[in-house]
Amino acid sequence: MTESIPRPGRPSSRLADQLRDVRITRHYTKYAEGSVLVEFGDTKVLCTASVSERVPEFLRDRGQGWLTAEYGMLPRATHTRSDREAARGKQTGRTQEIQRLIGRALRAVFDLEALGPRTLNLDCDVLQADGGTRTASITGAFVAAHDAVSKLLATGRIESSPITDYVAAISVGIYEGQPVLDLDYAEDSRCDTDMNVVMTGAGGLVEVQGTAEGAPFSRNEMNALLDLAQSGIRDLIGKQKAALEIAHG
Amino acid sequence: MTESIPRPGRPSSRLADQLRDVRITRHYTKYAEGSVLVEFGDTKVLCTASVSERVPEFLRDRGQGWLTAEYGMLPRATHTRSDREAARGKQTGRTQEIQRLIGRALRAVFDLEALGPRTLNLDCDVLQADGGTRTASITGAFVAAHDAVSKLLATGRIESSPITDYVAAISVGIYEGQPVLDLDYAEDSRCDTDMNVVMTGAGGLVEVQGTAEGAPFSRNEMNALLDLAQSGIRDLIGKQKAALEIAHG
Amino acid sequence: MTESIPRPGRPSSRLADQLRDVRITRHYTKYAEGSVLVEFGDTKVLCTASVSERVPEFLRDRGQGWLTAEYGMLPRATHTRSDREAARGKQTGRTQEIQRLIGRALRAVFDLEALGPRTLNLDCDVLQADGGTRTASITGAFVAAHDAVSKLLATGRIESSPITDYVAAISVGIYEGQPVLDLDYAEDSRCDTDMNVVMTGAGGLVEVQGTAEGAPFSRNEMNALLDLAQSGIRDLIGKQKAALEIAHG
Amino acid sequence: MTESIPRPGRPSSRLADQLRDVRITRHYTKYAEGSVLVEFGDTKVLCTASVSERVPEFLRDRGQGWLTAEYGMLPRATHTRSDREAARGKQTGRTQEIQRLIGRALRAVFDLEALGPRTLNLDCDVLQADGGTRTASITGAFVAAHDAVSKLLATGRIESSPITDYVAAISVGIYEGQPVLDLDYAEDSRCDTDMNVVMTGAGGLVEVQGTAEGAPFSRNEMNALLDLAQSGIRDLIGKQKAALEIAHG
Amino acid sequence: MTESIPRPGRPSSRLADQLRDVRITRHYTKYAEGSVLVEFGDTKVLCTASVSERVPEFLRDRGQGWLTAEYGMLPRATHTRSDREAARGKQTGRTQEIQRLIGRALRAVFDLEALGPRTLNLDCDVLQADGGTRTASITGAFVAAHDAVSKLLATGRIESSPITDYVAAISVGIYEGQPVLDLDYAEDSRCDTDMNVVMTGAGGLVEVQGTAEGAPFSRNEMNALLDLAQSGIRDLIGKQKAALEIAHG
Amino acid sequence: MTESIPRPGRPSSRLADQLRDVRITRHYTKYAEGSVLVEFGDTKVLCTASVSERVPEFLRDRGQGWLTAEYGMLPRATHTRSDREAARGKQTGRTQEIQRLIGRALRAVFDLEALGPRTLNLDCDVLQADGGTRTASITGAFVAAHDAVSKLLATGRIESSPITDYVAAISVGIYEGQPVLDLDYAEDSRCDTDMNVVMTGAGGLVEVQGTAEGAPFSRNEMNALLDLAQSGIRDLIGKQKAALEIAHG
């Protein structure tokens, strides 16, 4: 965050390039091989990583593993209560879109052959939603997946880590004409353009999903948004590293 | 808890009539009219109460309100990951049985006419399961419902509380021949008889659900279990009262 | 039925401890290994027992068998027509709760290892409902299961019976302040407390499910209800025995 | 049935043009406006007619009524147990095909304007299946519908009967080269051609559904089958009339 | 088509025994083993035949193959848009009835043992519907199946054709009192009787499905309809032969 | 397309910036208010636009209209047959993701208030898939929507067009290290990065969805891809204009 970026009068009073407070709490629940509560401000997502010694049918006898993600929101994670997807009997298109994104993002830094013939299930469940639940999910799921991999290494089930790099994600958008980082709900709902960016520790782009909510956006605006996102993700990856350095007592 | 009850060698090392540590945290999430994290030892359930100014079709134009509950478990709340009900496309029979029980238990202490033409939705989502999720849900949902009612009173939407009494629930069972209170998972899975009891502040029984998991049980055993349960619920209601006395700052 | 129990002015004009006319008709349909029409007054349930030489996936290679139950009501078994569950595409929570109860009740008197690697499917379909369909189902399903076991013995597929005891069930409730036995619909719908009790021939309790429909109930009321239920179930087991003594001509 | 038709060596030992024993029992269950147990030999179907004072959305404000049918088989109505459709979560194509046929057959003899703005639901539930369940259903459902109409007339809800004629149905087929009437399961499963015919009291054809199970059939064979069917349906309509003449005591 | 049949004033201005323009276009799409666009006037159905080297579970290890059909309509194939069945989550009864009919019709001319242990999936998707979609589907699906079989023969996967005869289908009906051939939508929607006939090249009947939409029909009317249908199907089979004679360049 | 871009040895032998042959056929089917067959080489999508004089519940009484899209693939649109979504009972996540994208893309150039209280349903059904079905769908759906709007204008149902600009879409990717335009299936399946871009006639970006299939991508690569995409979409919009200039005869 630099002094040179003016305050855009964000509802959150943050600087344009300022992340919300990000907290990554490992070992949040006790059974999962990895369990992380990730908080981007008031957005709180519980990410668990579960290892099973099976692979889906389409990978049978290929020798490689699989990593997949599911996403859900508790009915009252939001301002007004949503229907419970389990009671409605199906997941919404939005839910499926998000969980497919999380899975792709994580697979981008996993060597599935090195994982061996097992599956890593990442469950991202939103306890409280204030914008950015998919980017928080990716950021937290990476840490949970890392913890699960550490257990596989510690117990000798794999010999070397299948993780090839860090990965994290952030949203950016154009709010009242100005690019801003890490939209909360109040900002997101009044934003003209909304972009989610997934990036690795080495700075490679994994996903860029930009959507004009109102007016279309220009290449210049897109570039400004990507600059902000890349800077933000570098910060997030720093926080992932810090969280992972803490020993489990 | 009295000295006269011997230790049955419970896996938890608790006395036969000893509850696990019970914690009731109000205002756990920020949007719901009532939001309570209830913990019975390692069992952690997030209970939210949501008010909507509608009633279901079967109560249209009756002038009264409705209270209903839904229950869910996060996929990795348990030792091994369960399928996500939203992804499978339906709730299990167990889930439906539990959410019907929670709804009946809470309605037993609600005057639905005094609630007026609105619905109180109680969502009980298990973050971590170590036995007793349904009894923790009932105990926590009451506090969440109480907070929601307080908001209705504070904003003048209702004039007097529709809540007629406290209500809480506990499990009891026969473990290695001896009645014990508040089963955790290790105890529950090796118990001969399992009973869930719901009781009001005035000591009235609302639900008694006893099941012989192995050998059938006798009237004497049943009486011993009910004694334990009634004592345990009195303690729980004390904890509900203590939690509700704390002002929200 | 004793003289000392006063008539509570039941809608059915029965004594407080008086069962409805109970009829158990074996061999009601021709294909099932066991097929019983059980009638508790105007409540009529067709219970069939079907044997299949398979076990569910979770029991594969365990050497033991399985017993499970399903329950349904014909759409016009009741005063007003209900939606057909097959057309709606799912079973209600009530249906699932009842069929789980029937399965547990019957498994309580089955030695599943002695059954061998096969499954006994009990189907309880209500042709006419006048209260007590779940207790009639359990009572009739036992006789159907017994007939199916007799066929397995007769054909040498098993050598000794896996049935360890009789099992039957009855409802009791508090009607206008007085405990009464075997509620019909008119009584059930105006009852304060409703309890379903499942008991074995040896008098052991298998399930006790008591629910306060209106005011909570006391331990004294509960004891009076259990006394009535135990007496009623003893009568029902007598009727099961009588029915099973009749040879099939 | 005439002497001139030789015995084809039917598994049932019946003459080629001989119906099974047909029994029509009215008032079989007590709640439905019409309730008929129809038996074609060992095929037993419970047909109920339920009146509701509503019409489906597509007929709203048209002033006319509606008649629709649903069909189901109890899981163990057949030699081996079938999955319960309610548990599977959907009706099979066969079930839907049959219930659509029953509905069309009955509507052919109903003046839906004379019925007024109400719906007649016909539920045909097979208690025991030995071939011909759809034809028995149509034959029995007509009598149930007639009883329901009589109640509407008796209570003054309609002034004149919307029923314009009798309707009944029978199956015919070519068994070992010879046309035979009213196939039971043993015949049906080894038949080359299977035809279901629905006809009115006046002799008009409502539905003819012929299917070559093995070799295709000729026009001559079709004519012989239709002759048999028309004769059989005349007998069935005689039985419907006889059943309806019996007063309800 | 003969001169002697008068014009019935059909909405289509066709002679009573006149087919619509029928076009059969092979190789319409590029991946399927058989792909045929069949047009009966404005009714356009894309029929594809797909070969898979698997059989359904119920035929496992029987050595024979299977042929099955699925049917669908694009949402705007019709005058007003219909709900998309994939979005509604289930196929209508009409859809299932039609796809079962197509499957039976084609299996009537297939020797499933000669097909070997593989499955032929016929998909009939209606791009534009103007009446007669099921008869066009059967007529086109036969040609697609024939092309798929030719590929199996050409690649040596089977040695002799499992196809035993041609098969085609047409609708007939009574329009303003007169039997007419090949109903378009305008005729079908105002027809008293509607009949679909499936016939082989040798003239054998495979399916006859006649339905009285308004008044019942007589044997004489039925015979006149069958005469028309048989003549029409002979023409259709001529068109199938002509289409199949064209080499694929 | 400029001379300066070298041939990357694409499987299609196209230049890096070369679109496939694009054909836009209006009035492809006869009922829909707009009906367009769009072909990007061997990818063929039927796009229909249907107008209904209703709005969804969430827009009731807002005075504005709605535009939504659905997407489907015929089972054998692809190399190997896929399950029919209608038969499976649900749409895949991929299908939902694509139809949500199509809807957002079209809404970006629609003034929903000017549309008035009606809904435009866009159905995009893939007859043959060879890569780029979502971008072809958007490009074709715009033309179908335009035709539907022209009918609303011609019949006076709206006074001015709610369409504010053209919109089209194209895919780009990095194939063997080089950015290429408009991927066909052979290219798409071996591409490192895959990006779908939606752009308006004025050159504004509506959606940018870039995914690293293998290695992450750099900002430089992203810029090269966007340059290609913008050029390709300008060509596509030229083809839309040309197609719309042709009068309907």
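A, B, C, D, E and F are the chain letters, set down in written order, and residue numbers restart from 1 in every chain.
Just so it is clear, a contact is a pair of C-beta atoms (placed from the backbone, for glycine too) under 8 Å apart; a residue touches a chain by one contact, two chains touch by 3 or more.
For clarity, every value in this text was computed on a predicted model and none was experimentally measured.
Undergrad: So if I look at the partners of chain C and the partners of chain D, which chains show up in both lists?
TA: none
Undergrad: Using just the Cα atoms, superpose chain C onto chain E and tell me the rotation angle to the nearest 5°.
TA: 120
Undergrad: What is the chain whose Cα centre is as far as it gets from that of chain B?
TA: Centroid comparison gives E as the farthest chain from chain B.
Undergrad: If I average the CA coordinates per chain, which chain comes out farthest from chain C?
TA: Result for the farthest chain: F.
Undergrad: When the C-alpha atoms of chain B and chain D are each averaged to a single point, how far apart are the two points in Å?
TA: Their C-alpha centroids are separated by 51 Å.
Undergrad: Measuring centre to centre with CA averages, how many angstrom lie between chain A and chain F?
TA: Centre separation, chain A to chain F: 28 Å.
Undergrad: What whole-Å value do you get for the distance between chain C and chain F if each is reduced to the mean of its CA atoms?
TA: 60
Undergrad: For chain D, which residues are shared contacts with two or more other chains?
TA: Expected reply: 89-90.
Undergrad: Going by the contact rule set out above, which residues of chain E touch chain F in the complex?
TA: 29-32, 35, 42, 44, 46, 48, 50, 52, 70, 72, 74-81, 84-87, 89-91, 95, 121, 123, 125, 127-128
Undergrad: Which residues of chain A touch chain F once you look at their complex with the stated criterion?
TA: 90, 93-94, 96-97, 99-100, 104, 108, 195, 199-200, 202-212, 215-219, 222, 226
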